[in-house]
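For reference, chains read A, B and C in written order, and residue numbers begin at 1 within each chain.
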């Protein structure tokens, strides 16, 4: 078990280093002076640009620059956002809370719904119901998530007036306690649903295949030969085996759902990373943009490692193959 | 009977998608050649709802939405096809080399492609475009940069399979040089799955370009579907048609390329079950 | 538990077909087989002879989407189960008929500990017994240490897995245990151990057993009666001694000779000349004709119902050579 975890962490380290290098190279993409990328296109106090130029060694060879860049990162210094009058790292972490508030319920919903759809569809492979699950997942893959958000706003907020279209809380009144929680959940419905759709597509497609695969495994015959009912076999034997690839695909797709959440936030004015991202594009606040790329990329690597751990928890064979577990 | 019906339906979906793509190409060419029509033309009939005069309505500057959609086809298809082409060329060459020669080259290529698989591609593309400035060729390059590992992986697997086949050994016995064998025998016989992968990349590229334009990361003087959605966002309440139609165009086009990719994949692989 | 003696399993002229890629494969052709209560019966044949289909059809475990019972009957403890629904079959599985399968790794659930997999049988069939105690008892019965309950299948050796699978089946308290190639996936020493265990358990528990194998020797040593299957037909059956010592059907003779040849010339596989039949395009008559050196004109026309030995152990064969005894083929099977 420990050997397995070390192997997965060993996998993550070079990837993170590669991400850091990519981020460093992006600075040099700005036409003209790379100082722009480190400072942004916002009025800065006099002398700040020169101080940064020295701090990052921009007049020195590229390798020295890379070293100084990494030293700065190691100190948690992702730069300063003059548009927000705040250092980049706490700014992004603060907004990340709201993005997670949007993503995690949506992910949970999608995981449960996707698996339930697949469980219902797979034993009836080839039926009309099964085909429609396949069709739904194809649509989920193709629909632009921000457009889906706009359509939901037009339908449910503007025409039907059932749900709020913008923001995370009602501005007109100040709510406290459970009323405030309910208010946030109320605002969560439409953007959450937008994020969920793509994920349901991913989960349903993989879950359908893995349920079909598990159903055809030999141990299902043993379970049936004991006289267990079909329903019991499906839930107790097929599902735990089918969930392994599903959990994996959910974890590995963390990056996609993060991207989806960012796009959806801009449609619904949800105050998370996505909103910060689009505001920073408008402000040419480059340090924030780079910080968002860096932190989301590292978050995705972490999600991958966590997924691998989950995989080991779900599948005893993985633990076994790396030495006997205690 | 059921199998036959399934196959027929799958075939028909692929066919319909193919016809739709041909139709889009025709529209793009017609829009380029048609004289005397300017989609940027501003009129005093701003924000008119869909009617006989303007089938899909007009935007806040009085520009016709249908005309915009027609001119937007060109951007979507150009980006989609050129990005897929670039990604395919890069991916085929690198993937073939990795699969054919193996060893450390293979190791390095696989690790690099892993990085691109893990990194959130859209965010990286958006940051690059935001820092380097908008422009179609930049968008194409960024998408190709993000997408080539998919093709390289497909190609690598296929080359590793093909290079072990008997006819390759036969050619080798004739004394043909290794890199000539790679170019004339192995690569041409490994391209089938790549074609399906490339079609799927067209779909991803169109969606990615639209997403970037939706965030405002495209130049304002080029009409594209994503750009139209970006301006539509401000008028969801007064002029929902500004969002509904361009988004639907993106959706259907991406869906078509996805269907086409699936159909190409199963058509080229007679063993596929499903 | 006292049971009335009778037939626990009776398969009567059963024909089963599979539809695979538009073709119809005839897996069983009017095959018949009977297992009486408490009796050990062996079933021998090559892969593709229909013996596994016979095992599965006896538990209603053939895939309903592609398999069809064309004719014949299955009787389990006297009940006609031929047209049973899935739910009706559930009431017969485990008790009175349980099954152990060939490959003990793939037939155990890989993500479930062994203990709970055995406990499922106990809960389903003897809920009145104390669960943990009963699981312990079953493990003792198959000679496994009790720590095995906490293990996952992949942590056990092949022989231990097969024992665990056996415990799962015994937990159902079956009147008939069907063992489909229970030793094929194991090494020779373990094979002998499992076989000895099976024999011992059958005697102690007084249950009937249907032992299926491609190895005539294994079956003859463990069973009282033997059936031989070829291309979906039961072609020869009788007392174990009679079939093993004096095989009648040219196929059985060849099978036995091939087995001896393997034992004599080490490493070299001796087989019966010719290819196994294509079950999708079976000719009329005896399916062994293309490989048979004694074939008569009528062999290509149809198969005889049965010819019985006139004396000694019960012994029957479906081969025209025995219509007129003494014709070109010696009853002693040395020909």
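Keep this in mind: a contact is a pair of C-beta atoms (placed from the backbone, for glycine too) under 8 Å apart; a residue touches a chain by one contact, two chains touch by 3 or more.
Keep in mind that this is a model prediction, so the values were computed, not measured.
Colleague: Please identify the chain with the largest separation between its CA centroid and the CA centroid of chain A.
Modeller: So the chain farthest away from chain A turns out to be C.
Colleague: Measuring from the mean of all protein Cα atoms shown, which chain centre lies nearest?
Modeller: A
Colleague: Measure off the straight-line distance from the CA centroid of chain A to the CA centroid of chain C, and report it in whole Å.
Modeller: 54
Colleague: If you average the Cα atoms of chain B and of chain C to get two centres, how far apart are those centres in Å?
Modeller: 57
Colleague: Taking the mean of the CA coordinates per chain, how far is chain A from chain B in Å?
Modeller: Centres of chain A and chain B (C-alpha means) sit 23 Å apart.
Colleague: Show which residues of chain A lie in contact with chain B when the two form their complex.
Modeller: Interface residues on the chain A side: 14-15, 18-19, 22, 26-27, 29-31, 37, 126, 131, 138-139, 141-144, 146-148, 150-151, 153-154, 158, 165, 255-256, 258-259, 262-263, 266-267, 277-278, 281-282, 284, 286, 289-290, 292-293, 296-297, 300-301, 304.
Colleague: Which stretch or stretches of chain C touch chain A in the complex?
Modeller: 56, 59, 61, 86-87, 90-95, 98-99, 101, 103, 106-112, 117, 120-121, 124-125, 152, 154-155, 165, 168-169, 171-172
Colleague: Write out the stretch or stretches of chain B touching chain A in their complex.
Modeller: Interface residues on the chain B side: 2-3, 6, 9, 111-112, 114-115, 118-124, 126-128, 130-133, 203, 207, 210-211, 214-217, 229, 232-233, 236-237, 240, 243-244, 246-248, 250-251, 254-255, 258-259.
Colleague: With touch defined as at the start, can you tell me which chain A residues reach chain C in the complex?
Modeller: Interface residues on the chain A side: 217-219, 221-230, 236-237, 240-241, 244, 314-317, 320, 324.
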